Each structure stands twice: as structure tokens, then as C-alpha cells.
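Both complexes below contain subunit A, partnered by subunit B and then by subunit C.
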Partner chain A sequence: MSQAKVFQASTGLKVTVAVFLLFWLVVAAFPLFWVLVMSFKLPVDAFSASPLAVITGPETLAEKGGISILDMLLGAVAFYLVYQAVSHWTRGVAERVGFGFTPIGWILGSLIMGAAGLFVFVIILPIVTGAVNWAFGLIPGLSLLAQPVIGITLDHYIAVWFENEFYRNFLNSMTVTAGVVLISLTVGTLAGYGLARTPSSLAFWLLIMALIFRALPHSVLVTGYLPPFINSREILEPFLGDAAPTLYGQPLAVIVVLVSINQPFTIWMLRSFFQNIPAELDEAARVDGCGHFEAFWRVIMPVMWPGVITTGLFSFLLAYNDYLVTALLLDAQNQTMVPAITQYFNRETTTTDQVEAVAAAVSITAPLFLLVMVFQRQIVSGLTAGAVKG
Partner chain B sequence: MAEIKLANITKRWGSFVGVQSFDLTIEDKEFLVLLGPSGCGKTTTMRMIAGLEDPTEGEIHIGDRVVNDLDPKDRDVAMVFQSYGLYPNMDVYENIRFPLKVRKVEGDHDAMVRRAAEMVELTEFLHRKPAALSGGQRQRVALARAIVRQPQVFLMDEPLSNLDAKLRVSTRAQLKNLSHELQVTTIYVTHDQIEAMTLADRVVVMEKGIVQQVGTPTEIYDNPANTFVASFIGSPAMNLMEGQIEGGVFRCDHVEIGGLDTAHSGPAILGFRAEDAAVAPDGAGQITAPIYSLELLGDAVMVTVRTGGALVAVKADKDYRANIGDPVSFSVPASICHLFDQGSGERLAR
Partner chain C sequence: MKTKTFIMFVGPSVFLMFLFIAAPLVSVFLQSFQVTQGVFEEVIETKCTPGFPAQICTEEASVRRVLDDDGNPVSQTSWVGLDTYRTVLDPDAVSAAFDEGGSGWSQLMTIDFYKALRFTLTFTLITLPLVIGTGLAIALAVNRCVESLKGPVIFVSLLPFIITPVIGALSIRWLFIGDGIMTALLENWTGQDIAMFAQGWTIELLMLFYRVWHVAPFAFVIFYAALQTVNQDTLESAIIDGASRWQRLKYVVIPHLMPLIIFVALIHLMDCYRVFEEIIGFSSQAHVISLQWLTFDYLTPDDSGNRAISRAAANSMLTMIGIVILLIPLLRRTYRDHKNSSH
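And then the complex of A and B:
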């Protein structure tokens, strides 16, 4: 790139920047990488004293087989292709399958892209690598490339998802997260729009109140909710009779608590997005023939999607990553994924349990990667639109 | 097509008065301009007619309906906003079509959109997003969106103020032509007196929420009702001098204008327009003073002198040359003078 000399960084600065970035990368990314590697190894390798053994997994290779250099190359290519496809085509898919309704389009679009990605990795990739390995194995000089060199086993994932029924925790997580995002965004957009447009001074006090609730420690809210949740049967019996439910242990009930924690933040954030949209747009729409709500829906919301998606993502992360609320309000049978990991750590923890916990941790991270891949453009445009950042 | 009647409308926010007792009938097909400095209540008046603000008092009639309690969408008006108010997610075609679509107007939308786009010369940009248009093009999209539906009333809120000077002149001409073609009652808000003079059938001059004068551009220019209107209309503004009248003679520093047709005596303000007066040869004029400044305008030379506290300018022939400080004499006959009361600024009766 041709750049004026005065704007070019000095060599010393470049080196400092590079060293700092490298340091940050190691600190931030190394644990993730290590966890990912460990989760595919037998405990003997995973807890080996030699780091090289953890990476190559000789015991795993001997006992369970592994992948060749070709497999790794093909895997990397597949990952790159899927990443490109997801980040480029999701919008198009979302527009096509949404029946003209943007949020449904995005949800269906993400699901379709996720399923397609899974299909590529689970079905297509093994077939292709199998064929390529076989072909290279026939060529005398290159057969070494087709030899398994790194031990890999999926045992822990199978144990986690099927034997330990982690899919139930996954479903609970999805229920809670979907509920929190849906309610937070619905209430948040309506309230944020109202608060951004109202001339009333009451809006100021509402926002201050929201700020105070936002400032409360989560444990305070949970402590407040816990007793009525446990006793909800007795409390609700006069009104609902025998149908009165015990709210404790119900994922659906946890949604309420998480929404109450999350809502002040979404209202503030969405309000600031709405304030960036000139009021002239509403007025133009109203003179052009829209009612109040129609102006909001047909004119303002289409401009608001980056803001809604960004706020939705923060809500998603809050609900998905929550430990405190879900751990306290759900019993062991109905846990979401994050608190469920702790089940693996107790006094009788074996090394197998620990590697399974690691595999569960990787399983929790995977959907987040997909989410960020799908929405990266929207997130960036939302964040740069001058919003309050979480 | 409709007559608009504003019956004594007032807008107050707490103790602040935005518009005070505005009373006016705007005739069918009339082009009315609301003119005044910023904060004078002209935009508020328009927004009350559009339904975007509620009047504190008074009634607004459009046609034979009282529209005070109607939503903007039910008033059958179209509005062009100062910063256009285009829908950024829709292309030009969808923007223009929006009022038809929302109101479920019967008929061939495509033909209507294309006709409106043709009137404002936008046909080749129909499939661009507003972000990819220049300021003048955006302005024309806003216009097309207003005319596509043929409403009873057009409201235009400083539509030209975001355009550069050259574009403003050509768009102004286009607007004048368009309003002639469409024959729809139009209310136009501006702070630019040239726009008001060129476009209006009638001009309403406002200041601090109060109507100062209503009249045709000529009336307002030739017979300003008070010193505010006199100084607001015209470029340069009318010369205003404070002095004393006695026996039909106005006097202040360097000034003596006789033969004034007035019974008034005592303090007064005398005004005249720069282009009505002339430089008199040999000190024979009514104002004689050293030259304060000399500005070459191309088609004329503006000669300014200082009398008392005020600067008085006169347009001289374009070949006139003199040095600053040289004595000069202006001929200001009584026939071009306007007299105003010194306290209230109101025009003095003859």
C-alpha cells in the first residue's frame, strides 16, 4: 500500500505492536486451542506431562486411530469454505426463506446454514478424506501423507451428548436463550422507540430506574426470586387451583428472571439506536398515510435491524452464558449447558470426567462461533452505528 | 384542492409562545409562503396544519372539515421535509410509491410513480437508494413522493435550504413551474426572502410567533407594515434612520428631508430602499456625509454613509467611483420615504 511517509509507523513501533498482538493472541486464544485439542484425546494423552504428547496423542493414535496430514489440510479447506459461505450467503438465504418477514428469515437462514455446515463436516468431509487418503495411499512416495499421524477420538463427545444426555441441557439452553432474546427484543424495541420519541419527562425517570436495576448484582435479583419460585405452588393455588405450578426448576420460569436482568440494558441500547434515526422519518411516514404503529413497523424497523441484531446478540450471550441464575433456579435434571458442566467436577472426578467436561465446554462454544460468523457484518455495522456498547 | 382556514390558532409550550393567534384563510390553489427568521413560529404553524403538532387553541379547517382531531394521515396533505425524510432502506421507486402503497390507492401505481418521477426528472434514478443520490436529487425524490398522490394540500418545510446556492435557484424555478402545473393549495415555509418573493401568491411575514404582515410580494416590498418587515424584506435591507419630524421635515445628523406628507411631529423612523435613491451631483441631495464604504456589485456600486448611528446605503451607477472619506450627497425625495413610529415600529398613517 502506498502511504505518505509521515503516516508510516516506525520499525520500533511495528515490532512493539506485533509483539503485543502476539502476546494477546497467546493469552486469549491458547486456552481455547488447548481445550479443543484435549477434548479429542484419551485421558492418558490429555493429561500427559509432555505438551507434544497432548497435541499428537500417541496413545490415542495407537488405540483409537487418528487423522493424516491430508485430513488436516482438507479440514482446513472445508472450514474456510464453510466460513466464507456462511458469512456471504446467509443474508441471501435469509431474504429468500423469510416470507418477506426479516426476523423469521434470519432465524431460518441461520438454522439452514448451520445444518448445511454440519452436513459438510459430518457427511461430506469424511467421504472426501476417505477417498483422498485411499488414493494417496496407493502412490508409493506420497502414502506417508495419508498415514494417520495425530491421535483423535470422538469418544468423549459421544459420551457427553448421548450417555450423559447433554442434548437435554442443550435444549434447555435453547429454550431459555430463545425466550430471553424474544421477550427482551420485543419489549426492548417497543420501549426503546417510545422512550426515544416521547417528549415526556417521565421517560428520563424510567431510564434512570432502568439504570439502577441494571446496576444491581444479579445475585440480589435471584435471591429475591428464589423463595417465591420454591413456594409458587402455595402462592398460586388460590388462583389456579390444582394447576398451580412449581416454578423452581422450570426453564420457562428462568426466562422471566433473565429478562428482568437483561431488559434495562436492551432498553437503553435500543433507545440509543432509535435516537440515531431522525424523527423526520416517522413524521414523513405519518403524513404519507401510516398510523403510529405502522410508521414504526414499516419505516423505522427496517432501518433498525443492525441495532436489533446487535442487541439481540448481547441478550443471547447473557442468557446463553448465564451461570448464576440458571444454577440457582434450576434443579440438576433440568440444567442448561453452562451449569451442567459443573456436574463433572466433584469429589470422585476421574480424568475421564475431566476430559468429558472439556468436550462439553467445546460443545458450548461451537454455536457461538456459528452465531458470530452469521452475524458478523450486522454486528460490526451495529457497533459502529454509535450505540451504547455492552 | 381545498381552502384552508386557520381560526385563531395558538401554540404554547408551558409559558413559551410558539404561535400567537394566527388567523388566516388560504384560498384554494393559492401558493402561500410563511416567511420569518428562525424561531418565528412558521414551521410550527405548518406542523400544526400537517397534524404533527396540536394547536393549544383555535381551529384548523381543510376544505369543509375541522381537522384538529384528525391524524396526519387522514388530513389528505403531503409534506416535503427540510432534510427530505426519505426512507433509506427503499430505492427511489419504492420511496415515491410508499404513500400509494400505504393508503392502498386504487389504480396503476407503476404509471403514477413514473409520471411523478418524470415531472421532477428522476426517471433514470428510479432504482437507486437515497444514499446514492445528490442533495438536489434527494430533494426531487421528496417532491415526487409528495405529488404522486395528488393531495389536497402541499406543505413544504424549507425544502431548498439544504441545497447549494446554484441548485437552489434552478430548483426554485422548477418548483414554481410545478406549482403552476399542479394547481394545488401550497404552504411553503422559508427564511429566505427571495424564495418568498419569487414563489408566493401571498406572503405571511412572522416574528416571535406573531404575524407581522400578510400580503402579495409587491405589497410587502412596497408597503411594509412595520420596521421588522421593512428590514427583513429586500436585499440590501431598507435603510432606517431615527430622527425628528417637524412640519413635514425629517431631520437627523447629515439628513434633512422635506415635503413629507404627514401630520406627525416628534421622533420617528424614516426608511427608504437603496435602489430608489440616487447619488446627487454637487451636494444637492437630502443626505450629505463622508463615504463610509464603497462596494462594487457588478451591476451597481453600493455607496454607504454613516448618519447618526445607522449605516445608509444607496445604489449608484455602476461606473461611479470615489474614495472612502470623500463627501457624497444622496437624493432622497419624499415620495420614496416610509415613515414608522419610533416606539412601536408601526407604519405611520399619512
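And then the complex of A and C:
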């Protein structure tokens, strides 16, 4: 008890800490929150100088309709419930549907939770709010709560996703990220395991090389890729004949490039996860007659999945967030989401275009938001794993 | 593990790194001494127009791209030594700037490379203490937070870190663009008309803010994890010895965090030196550019569809010099750790 008392802070300090923390939370979340709000308004409201007009959207309300206080309350409750469900149950769902094979479980589990969340927001919520609004509208004193007060429109999202065919960019992004995560984990776990289990100085020098490679600006590497990628048809023709491809603009080529750029980071991180697994475990397996590869696959990998998932998350972020490589190596047809949005706002001639760019930005951020929701613990452990081990 | 098994395990990864990182590096190094240009030839054409009593004929010389048998334009690569570096660094313009009659610094800043170098360096050095300070402050604050609030607080804090850099920069930009609400707020306070995107230094301020906002969560998470392992006995004895809260922070907590502060600093220097996405997100190329953006710009096809590959290569090589300088302390640290751990 006395220890707790000694560590007790004075009131002044407590208030300072609370104020600072609150300030940081507002700074951290406000830009994202504001962009989200803007994306649902007509341009007049979205770029209004008065914050109140941006939030309530009077023009949007008058022209497109909006939501009532009740809708907001119910929406907040639904959001809280989904957040709790996702953060508590995803693990259980993942274990149940994974048939003991954890990564598949995590992917399926996340998809199931995502679909369930979507179901709640798109189908159940409108029905419930519709019914509640109708019921409150009948009660004389409370009907005000059911009146639409905040203007909201989905026009920009519809324009972005369907008229401007953003779904194509979304699919391209998904292809590239899925490819990068899969290949970099396959190649990376093998290398990470090898590096963690070898005391030789060869391994050390490889890691030093990887460290140097990690520091290289990506533009330097792209400078090296561009000429051979553009001319790859002529270069490869002697070997492959007519099947020689032009690598420029190929998603597959970009996947391999991103995997390679990502390798140094991946092997450092996976190596530090493998080092946490005691070497006695594979020695025991080897005594029982396993080969190196068998020991790796049957004994080490089953306890290694948390590390693999964490590394996979960071590979996902790298591929998903990349601008430089995809902008230079993919043509307009195969463009991923992030470069596509800049083309969008470069031609921002009208304010409608700008709000559409805002809606596209929110669309890109939404999956990342879900990712943090589900994998918060893994992301934190991944960040610290690299650091504490050095 | 035998060397042969080791090679089998690391083989695919090493192969990829050599093919797509080491090989391009060598090729960039070579390209920076070469220039590839289209081959042109001078053609003399005789053009005749009807006239009286004889046709009026003029001979006109025109320059044309040489085409090969298939009709493709022919290019030719030649070694030019340090010429491309000279174009990028422009030593003549530098000496002109500092000669009599030159306006010195401001004239130097009209040359792209120095403009980019100046921004990249100041940006890196200014954000470093801000990121570490902010990260540490958040970590200390969250550490004192009520247990049940820690999860949501970490969740919100991770958002700026996880967001796509270009999108993060854009979302800050949208707060300030034109009469955006933050600009309106500032105008209200100062009573002046403010245009955040009309001059370089205000854009740089926004970029600094964005970078700290984006990276502080990373520093926070690492410091926060390390705070959990501070030796409680040492802290207690410090209290018994009458150390104030500030002294405990200075003499117990900070020394415990020191290796991680250095780690975060080195990672931050490496990443910050590659500053690029901010330029795209804030569309600041007219005022502020960075070294990596300059390479990107050389690589982007210009109006006639040409990419300035050799200038990009030279610029890349010059950028690398900075990276090497930044890496030396990190490499020395890793080497020391390696030697210590093997004993």
C-alpha cells in the first residue's frame, strides 16, 4: 500500500497529464475525423469557413436530406458494439474457422468480422433507425429527436467508386498487396529462420547488408529498374523468344520489386521473432529424427504464427501505402489506389472534384482503420520487437 | 546449422535482394556516367515551288531522328564522365552566386539540387527532437493513464502512424487549404489574411507538423513498451533517497530508455532523409522540394515523354552519400552489439 501511495501523483500533475493526453488525442484524430465529415457534404458545406456549417451541413440537409439525433445515437451504440465485438471475438472466430492453421484462420476470421460489421451498418442499422425514428415521430414531445438535423450525402462515394471506376484501383491494390504479403512472408520466414539459427559471421554480414539496403531511398532503386523494365522485351527476347514480356506496367513485376525492397526489414523482424523461440525446441525435433526443414515446418512454424502475422501486417502496410514505386512502374490501367488519388486531385478544377478526392481518401483509409482495430496488439508487438532486440 | 542448409534457407531472400537491390544500385552507378540520347541526322531537302520562268528551289537543312529498319528510333549511349553530375550540381552557377554581383544564398537556392538538399537537411534535423520529445511525453502520459483507457488511447494514437503518408499529408492540407477551418481560425486570432500555400515557409511548417504527427506514435509505442520494464526497485530507492519526480525521470527513466531513444533517432533520420510523400501530398513542388522528390521528378516523363534517367542516376548517387553518412553510427552500433553478444 505504501508503495502505491509514494507513486501517487499530485493533483496538479494529474491535471497536466490529462490535459496533455486529451490534447494529443484531439490532434491525432481530428484531421482524420474532419476529412470523414467533409466527405459526406456537398462542396459548399465541405469547404465552408465555419466549422459548424461543415459539421451540420445546412446546404446538404436542404438538398439531400440528413440524419437525426436518434440516428446518431444509434449509430454510436452500433459502432461501440462492433468495436467491442471485433476486438474481443476476432481471435476466437479465427481459431474456430482456421482448422488449426492460424493464418488462414486470421484471414477468414477478419473477413467474417468485416462482413458482419458491414451487415450491421448497412442492413440492420437502417432498419432499426427507420423504425425508431418512426416511433419517436409519433410522440409529440420527442418528435424533434427524429427530425433530420445533420446533412449527409453519399453522392461523392458513388461518383468515386462507380463513375470514376475506383473499384478497379481497389482491385489492383488488393492484387499487389496480397502478392507482396504472401511472397515476402514465404521468402522472409525461411531467411529469418536461417539467420536466427546460425552463429556464423556470414549471417552477420548478410544482416549488415540488409540494414544498408533498408536505408536506401526507393527512388534510387526505381532509377535502376526503369530502363530495363521499359526495354525488357528486347532484353529478354534472346532467352524467351516471343513470350518476352514488357515488365513496365505489370502488377507482377511491381509485386516482386516491392517484395525485394521489403526483404531487409522483413528478415530483421522475423529473425528477432525466431530468436525468441528457444533453439532447444528444434534440437529436440532433430533428436527425434526431423531434418532441418521438417523441424522448421512442423515444430517451429506452429509457434511462430504470431510473429508471421505481425510481419505480414507491416508488409501489407508497405505495399498498400506505397506511392513512389507504383506511380513510376505501373501504367494508368493497372494503377493502385494511392497514386490514383493524386491524379484525381491534380485535376481538381471544381470543388466537386475536391470533395470526391476527399471521399477517395476516406475510402483508402477505411481498411487501415479496420486493420488497427483488429490487429492493434500485433502492431504494437511488431514495433517493439524490432526495437528491443536492436 | 551447416553452411549448406543455411544457404538453402536464406537463398531465395538473398537472390531477390541481389537482383532487385544490389544490381540496380550498380546499374544506377554506371548510368550516372552515361547519357542515352536519340541519334539525329541532318537532312538537306530541296523544296521547289512553282515559279516562272523556272521553279524556285530552296535547300533546307532539317534535323531528324534516325530510324532503324523496323522504324524504331535509334538511341545511342555514350560515356560522359562527370558531365551529368556537373549538370545537377552546376558548379558554375554556384560560383556565380557567390561571386561579386551574385546574391549569394538566395541565388544558390534557385538551383534545384541545393534547394532540395537544404530542405531535406533542415527538415530531418528539426523533426528529430520534436518526434522524440512528443513520443516520450505521450508515453509518460499514457503510462499514468487509467488501465481501462489505455487500449482506446493507444488505438487513437496509432491512427496517424498507420495512415497512408500521402493521404495523411492530404488530410492536413485540406484543413488549411483556401479558407479551410484551420486557416479561418488562424485568421480570426491574428486578424490577418492568411494563405498557407502561397509561400514556402508556411508549407514547411505544415510539413513539419505532419511529420511529427505521423512519426510520434511510433516513438511513443517503443518508449511506452520500454517504460514497462523500468526497474521498480531503482525507482523506489530513488524515492527513498528523496529524488523528485523530475530527478527520477532524468536519472532513472531516461538512462533506461537511452538505447531506444538512439534507435528511434537513427530510424527517424533514415526515414526522414527520404522525405517524399509530403511534397506530393501538399503539392509543394513550386516552393519546396526534397532530394528524393527531385529523383522522382527526373524519372517522370516530361511533356515530350522523355525521362531524364542519367540525371536521376546522378542525383540518386549524390543522395546516397548522405545515407552513407547517416548509416555509419547505426552500423557501428550493430557491429558492437554483435561483438558483445558473441562473447
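We adopt the following convention: the second predicted complex is superposed on the first by the 368 of 390 C-alpha atoms of A that agree within 3 Å, B and C clash if a C-alpha of one lies under 4 Å from a C-alpha of the other, contacts with A are read in each partner's own complex, and residues count from 1 in each chain.
As a convention for this text, a contact is a pair of C-beta atoms (placed from the backbone, for glycine too) under 8 Å apart; a residue touches a chain by one contact, two chains touch by 3 or more.
Small disclaimer: the values here were computed from a predicted structure and weren't measured.
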| item | value |
| --- | --- |
| Clash or fit, subunit B versus subunit C on superposed subunit A | fit |
| Which of subunit B and subunit C A:278 touches, first, second, both or neither | first |
| Centroid geometry (CA): angle subunit B/subunit A/subunit C, rounded to a multiple of 10 degrees | 90 |
| Partner chain(s) touched by A:236 [first = subunit B, second = subunit C, both, neither] | neither |
| Contacts of A:200 with subunit B and subunit C, given as first, second, both or neither | second |
| Partner chain(s) touched by A:256 [first = subunit B, second = subunit C, both, neither] | second |
| Superposed model, subunit A: greater residue contact from subunit B or subunit C | C |
| Touching partner for A:303 - first (subunit B), second (subunit C), both, neither | first |
| Subunit C versus subunit B - closest C-alpha approach in the superposed model, Å | 10 |
| Subunit C-contacting residues of subunit A that also contact subunit B | none |
| Subunit A residues within the subunit B interface of the complex | 278, 280-281, 283-291, 294, 298-299, 302-303 |
| Of subunit C, residues touching subunit A in the complex | 1, 3, 5-6, 8-10, 12-14, 16-17, 19-25, 27-28, 31, 36, 134, 137-138, 140-142, 144-145, 151, 153-160, 162-168, 170-172, 174-175, 178-181, 184, 213, 217-218, 221-222, 225-226, 236, 239, 245, 259-260, 263-264, 270, 273-274, 276-277, 280, 283, 291-292, 295-296, 299-300, 307, 309, 312-313, 316, 319-320, 323, 326-327, 330-331, 333-335, 337-338, 342 |
| Residues of subunit B that touch subunit A when the two form their complex | 50-52, 71-73, 77-79, 81-89, 98-99, 102-103, 145, 155 |
| Residue ranges of subunit A in contact with subunit C within the complex | 3, 6, 9, 13-14, 17, 20-21, 24-25, 27-29, 31-32, 34-35, 38, 47, 49-51, 54, 87, 187-188, 190-191, 193-195, 197-200, 202-204, 206-228, 256-257, 259-261, 263-264, 267, 292, 296, 317, 320-321, 323-324, 328, 338, 341-342, 345-346, 357-358, 361, 364-365, 368-369, 371-373, 376, 379-380, 383-384, 387-388, 390 |
